[in-house]
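I have a structure I would like to understand better, so I am pasting it below and will then ask my questions one at a time.
Read from first to last, the chains carry the letters A, B, C, D and E; within each, the first residue is number 1.
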Amino acid sequence: MSTSTTQSPAGDVVLSLAGVTKRFGAVQALTDVHLQVGAGEVVALVGDNGAGKSTLVKIISGVYQPDGGDIIFAGRKVSVGGPSEAQELGIATVFQDLALCDNLDVVANLFLGQEKHHGSVLNEVEMEQEAWRLLRTLSAKIPSVRIPIAALSGGQRQTVAIARSLVGKPKIVMLDEPTAALGVAQTAEVLNLVERLRETGLGVILVSHNMADVQAVADRIVVLRLGRNAAEFKVEEATTEELVAAITGASDNVVAARAERRQGGEQHG
Amino acid sequence: MSTSTTQSPAGDVVLSLAGVTKRFGAVQALTDVHLQVGAGEVVALVGDNGAGKSTLVKIISGVYQPDGGDIIFAGRKVSVGGPSEAQELGIATVFQDLALCDNLDVVANLFLGQEKHHGSVLNEVEMEQEAWRLLRTLSAKIPSVRIPIAALSGGQRQTVAIARSLVGKPKIVMLDEPTAALGVAQTAEVLNLVERLRETGLGVILVSHNMADVQAVADRIVVLRLGRNAAEFKVEEATTEELVAAITGASDNVVAARAERRQGGEQHG
Amino acid sequence: MAEEATATATATAPAVAADLSDERLIRTEGAAGYAKLFLNRLRGGDLGSLPVILGLIVISIGFYSAEPVFLSSRNLVSISQFAAPIGIIALGIVLSLLLGEIDLSVGSVSGLAAASMAVLTVDKGHSVFFGIVAALLVGLVIGAFYAFLYTRLGVPSFVFSLAGLLSFQGMLLYVLGKNGTINLPSDSFLVQWTRFKFVGDAASYVLVAVIVALYLAAQLWGAASRRRAGLSTTWMPMIALKAALLAVGLGFLTYYVNIDRGWSYLWLFFVLLVVAMDFLLRRTRWGRHLYAVGGNVEAARRSGINVNRIYFSVFALTSVFAAVGGLLAAGYQTSVSQASGTTDTNLTAIAAAVIGGTSLFGGRGTAYSALLGIVVLQAIQTGLNLVGVDSSVRFMVTGAVLLLAVAIDSVSRRMRSSSGRG
Amino acid sequence: MAEEATATATATAPAVAADLSDERLIRTEGAAGYAKLFLNRLRGGDLGSLPVILGLIVISIGFYSAEPVFLSSRNLVSISQFAAPIGIIALGIVLSLLLGEIDLSVGSVSGLAAASMAVLTVDKGHSVFFGIVAALLVGLVIGAFYAFLYTRLGVPSFVFSLAGLLSFQGMLLYVLGKNGTINLPSDSFLVQWTRFKFVGDAASYVLVAVIVALYLAAQLWGAASRRRAGLSTTWMPMIALKAALLAVGLGFLTYYVNIDRGWSYLWLFFVLLVVAMDFLLRRTRWGRHLYAVGGNVEAARRSGINVNRIYFSVFALTSVFAAVGGLLAAGYQTSVSQASGTTDTNLTAIAAAVIGGTSLFGGRGTAYSALLGIVVLQAIQTGLNLVGVDSSVRFMVTGAVLLLAVAIDSVSRRMRSSSGRG
Amino acid sequence: ACGANDAASGNGSGASSKAATIALLLPESKTTRYETFDKPLFEAKVKELCPDCKVNYYNADQDEAKQTQQVDTAINAGASVVVLDPVNGAGAGGMVQTAHSADAKVIAYDRFIDGADYYMSFDNETVGKMQADALVKAMGNKGNILMLNGAPSDPNAAQFKKGAHSVLDSSNIKILEEYDNPDWSPENAQQFVTDQLSKYQPSQIQGVYAANDGQAGGVVAALTGAGVKPDALPPITGQDAELAAIQRILAGEQAMTIYKPIPIEANTAAEVAVKLAKGEDVGTSSETGIDQTDYNGVKSFIFKPIVVTKDNVADTVVKDNFYQVSDICTAQYADACKAAGLS
């Protein structure tokens, strides 16, 4: 498994983490983790369930405070005291649990915290118009933007959460398993979107369990295992098998076994 | 696109739906939907976001009452008045939103409603032992089964929800996007599990957006579009392109466009 | 730049309005469409505050048949006057409940504020204006302290407001000192304003006309800007119909209360506050953020909303509204005593908010629920006063009628949820 | 068959206990391990009810230094006796709160039940036993009616219990009729039992021994069956230490209260109820389901739990506990009057549950919170009684002390959440 | 039952000890009299009669259960005499038992308790009668009234009501509507009367029986709010001689109130309490000049309440130093004071 830890990312380094550590009660969720993202670079963060990916994302977005380690943003050491500070720095995040307000409608959720307004009065018309534009971009299949989020299907909610991250002017976008609940078309649109973000010079951190997607859009792949950096690949260097081996920590894993069995070509049913 | 509506499923028909309709306020979520599942058969239910898959699953599991249509279970017309009735019929469900109790620990959630007990006292030791066994089967990466669900990662929760459906003796198992949040190893285990369920003669309904997974384990694929039956395939008859076209309702879709673009082989970054 | 990134929209805008293009949507067009929509909502139980209004009508008919005076112009005017002070306190409670928090101390705060005002003006000889400002400051300081306890120390609102309920009752006793009840001078501005100011005959109709005109203008302007943005608009005859109904309804009510003294300033002030709060809640960023925090505080925080500021503003407003209510009650009663605000005030204010339809669990409710709820409660109390029964029966009937008023609402909600909504 | 399907477990069981095999787990072994764990918990703020107990200790020291009688054997015995009746009512409130529901009517129900008993036994000459059974039935019927309103009509608990608060107060007045106060005969079983029954000197130590033995047996049996199942067990010396602490603590307390009258039946009955409820809540299916419904009612329903049955049992138990509390309070007071249960009972019972640490939002709390909370409240009240100050000061200090007791807890929780737990 | 009888041992407060502890238990704090008059007067008198004695003070906030607990606490703190103004006299037997079982004496203060050692009070039924008599007189024994009684949950209210009815029912006065006011609340009183004014013209109401001054204030607010001029108000009764009521009486807005000259009550209680504490004999008449009588089998000292009208403000509350003229005659009432000859 080829591990190349010193990489020069595509553009300037936007974000860099060093020695990040996080403990929850008796569980050591992250141990001495490092990570770099450049402008115009898509970094995929992969790892097994519970490897600590979402915890890392939440630390960068100010939701959790790390127990130790440094966060360097645009060359400056910062402490991200809370989500609003992260937003001010230009960090937009799509959380794995979406973090939407069930009682508010689609438009309200899309623009939450970044509402369009005349004076102090909300400009609902402009927001609604813009909402339709954003959702169309993502091929969203949402019948109405004036129903509460509680009434949406899983994929529809996820689309809303992704569209949220496009409101405003981020420098770096973190997507935590953004396509998990999406249909094939919507997934394709999100991958297109990631590529467009890269083209406009943004840094992107993409968490995903889908190796095909990761290999399709990422520039670099960082693997976490049990809360530690396990490996790092340039995308063109890594095969799916190597990736899976790095994630599971063994090359004779269940995925390989399944693949082999199916290669055996037996018909089921 | 080859649509073959009259299929004789693998074994006896366990569950069959006819003319199912469901409206939410101004949204017509399901219109005249039919579906059949046989014993020892894996039926994949696919469709775009908001196509009505989860609504259909919830109707079968008694969470929603249909506005119209019949549900025939094991040859008898039934009305599933609530989830407990569905369970009594032998219908086990993994819901897309998981439906776990955040305040309870993993063991409590796994056995909720089907606790092991001596007399009326819970047998915690037996449940904990069995919990570890179930979770190991699914390659779950859960550090402790005595922490509340709220403290688990997305994939860990999903694993718990899947493990839940194995407690008890169902006749039919419905999995609503069970692998959305799972790691590669866990996904492989769930696919293995689906195959084992088929071998033991259960009917399985699998909702998924992952065409590769669907094609790997399903016997038959039912496509919903905008709340209606759009197509039905035997798995060996359908190509991924045909499936995607049936889901999106167009053969010149974004997925095809992306695939073509990538075929074009340009290097990014 | 994220906006640039999404510039390659997939399809050109369709001929139908953007928000009506989904083919699963059941369309609403023309009179028949609206009738069908209304029927659907009736069947689905999605009736907003209609059921509570229905409850109110049932109650009114009941009391009217027992004692026709109940619906007399005079009685309606006095119901409205009594409703206003506690209604204002209930409005503050609505705000707290929208956050999923509770304030058990509004009664004590209202009493303490009124007592402070009374002592400063009557005993210490300060001006009424000074007294009022001081009372409002008392409310503000208390609210700010609550916000500190909540956001910095994480004390639950139930606990600190329970502590407040006790402490401020103690302070009320302390401030009033040994003399107990303080009579406010009958020529005091507060007394005159709360008791004897009514909108004149002509002025009241002008007011109605202005309200209807404003409503119409807002509707038409809204429709125009939606049309410009390519979004669906309300069917014009519908707008006209609603405006006409508003004009006729308000006009008739005005005519009817004008038989007696007319609309009191006290009541209009309350209604104005409700309308203003409704506007703030539904149309400003602050209101939006408040609902977000009440619905899912973690999601709100992750959206970059300054959650602490929202808590601060709500606790402060709740206490200030309590102070305002206390002042008006004192003016209307022409006195302040050790009992001010300490008896039923809390429970009545909270009950009004809940009966009006605001959820105890946050994120759901409107400013109007304070108005609706307090009117229901006052109507029950007045009705029972008029019917004149033993206190044992009075308690039982109050409970039963209250249950009835809300049960209608509950049952209709139940129908809705079994038909799959919400 | 699903179990068969999963029979091909991936790996053979590892050498370590199944529940300790994850390498991210920070292990706890031996004395040093426990010390470290405890320190970690201290730092993380994960202290259970320790902070409230700390609050209680702070309060006690404060009152003791103002008035040494506060910690006299006699005073502790009276605190325990007064705590019991409302504590039992609070226990019912805990159950409601665990479901995320509230019962505002426990005070009225307690009064009505006591009045029914008194009228039946004193006025109508029935036996005390008959009166008690009738009173419990009153509670049961009310609870069943509440459950009907909740599960069938969907009326929120706040509303129906508010209606109950009023209606049952009316019924209390109605039942007592013109005469008002009814004195219970001083030789009545209820009066004797609540006021004059104490566990004898020798018996009390036997009781302590039995409790410690039971505790030890349960711990050892649990450890043995876990070991058999290949799961980790508590470190043996730890079990021994805890049992020893229990023995010494209980023994000393018993010695101390025996200086005065000893443990009263009334208090022991309350403690027994708390222990029994704790067992039911934590160790039975019913309790498990109750927590599930309180945590996420939709998830509970989808798990096939009969949600309505849970609501029924809880509303019924809450009202029955209220009736029991009312009976005991009446016995201890030797009389029932129009004011029985109507003053502070509701607020005190709810406050006790909340102060003891039960969440108002459902799913979090324990039976012990009723005990802890009511003891804190009674200690504050008794302490302030002893210090003897004007009401105004007493109210202010009560509020402040209450806030203090809970703030310690809140601040420690806050520390926990900022360290990432919860 | 072990230990119940030796409860008092170990408290070191034998009945004859010099430094005795006396407990004073008052029922509530929303009526001014208790903490403004009863408590300080009682404490001062005890101090005067027995400088070493200690007075422990408790207030029950109108809560019977709380008072039961306070009696216990008082005993725990070593009280040998309990001066108890019960929240509910009819239900206070258990408290007397508690005290007696610890060998403490009980003085029923202001409200009667069956089984107490002594009782001193203004009689509640008499109060009700005096209010009604005054009202009947002011109305010339004809006309209609509204009747506002005290809280249905307050047993004293029933006694006032009984006394008042005994007079009113045998007069020519007609009760239009009657109301038991929960919590004695002025707000409720105001709303009740306002509501009746939807039914009756103000001119149909020739008088109002209000059981206490708080309610009387609500009644005045309701009537003036309905446009009745302050000088045209019908006779309204009251009780407690609250400062606000005295002011209204001077201004002609309220007809009367009942003044219970508290000093004599408090002083007598202090005297008897100290004697009991010292184990001395309580004579057949007190040093305050009241003869001991028997009331329902309890040795009693009964005082006369006084009806206060505009005419005797100066001779009653002012003379007794119950209020200073400067308290009463604020700017608003300066003219009324002058007219009544108060300065």
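Simple rule for what comes next: a contact is a pair of C-beta atoms (placed from the backbone, for glycine too) under 8 Å apart; a residue touches a chain by one contact, two chains touch by 3 or more.
In UniProt terms the chains read A, B = D-xylose transport system ATP-binding protein; C, D = Xylose transport system permease protein XylH.
All of these numbers come straight from a predicted model, not from anything done at the bench.
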| item | value |
| --- | --- |
| Touching subunit B and also subunit C, the following chains | A, D |
| Taking each chain's C-alpha mean as its centre, the one farthest from subunit C | B |
| Whole-Å gap between the CA centroids of subunit B and subunit D | 42 |
| Inter-chain centre distance, subunit C versus subunit D - centres from mean C-alpha coordinates, in Å | 37 |
| Computed distance of Cα centres, subunit B from subunit A, in Å | 25 |
| Multi-chain contact residues (two or more partners), subunit B | 24-27, 139, 141-144, 189, 226, 254 |
| Sequence positions of subunit C contacting 2 or more other chains | 10, 24-25, 173, 390-392 |
| Residues within subunit E bordering two or more other chains | 29, 35, 152 |
| Subunit E-facing residues of subunit D, complex | 67, 69, 72, 74-75, 78, 81-82, 173, 178, 180-181, 183, 186, 191, 195-198, 200-201, 259-262, 329, 332-340, 342-345, 378, 381-382, 385-386, 388-392, 394 |
| Residue numbers on subunit D that touch subunit C, as the complex places them | 100, 102, 104, 149, 153-156, 158-160, 162-174, 347, 351, 354-355, 360-361, 390-400, 402-403, 406-407, 410-411, 413-414, 417 |
| Partner subunit C, residues of subunit A touching it in the complex | 61, 63, 82-84, 86-88, 92-93, 95, 99-104, 108, 112-115, 117, 120-122, 125-126, 128-129, 132-134, 136-137, 139, 141-146, 150-151, 164-170, 173, 193, 196-197, 199-202 |
| Of all residues in subunit B, those that touch subunit A in their complex | 10, 24-27, 41, 47-51, 53-55, 96-97, 139-144, 147, 151-156, 159, 177, 180-189, 191-192, 195, 198, 209-212, 216-217, 219, 226, 235-236, 244, 247-248, 253-255, 257-258, 262, 267-269 |
| Of all residues in subunit E, those that touch subunit D in their complex | 1-4, 7, 10-11, 29, 35, 39, 56-59, 61-66, 68-70, 72-74, 76-78, 87-88, 90-94, 97, 152-155, 158 |
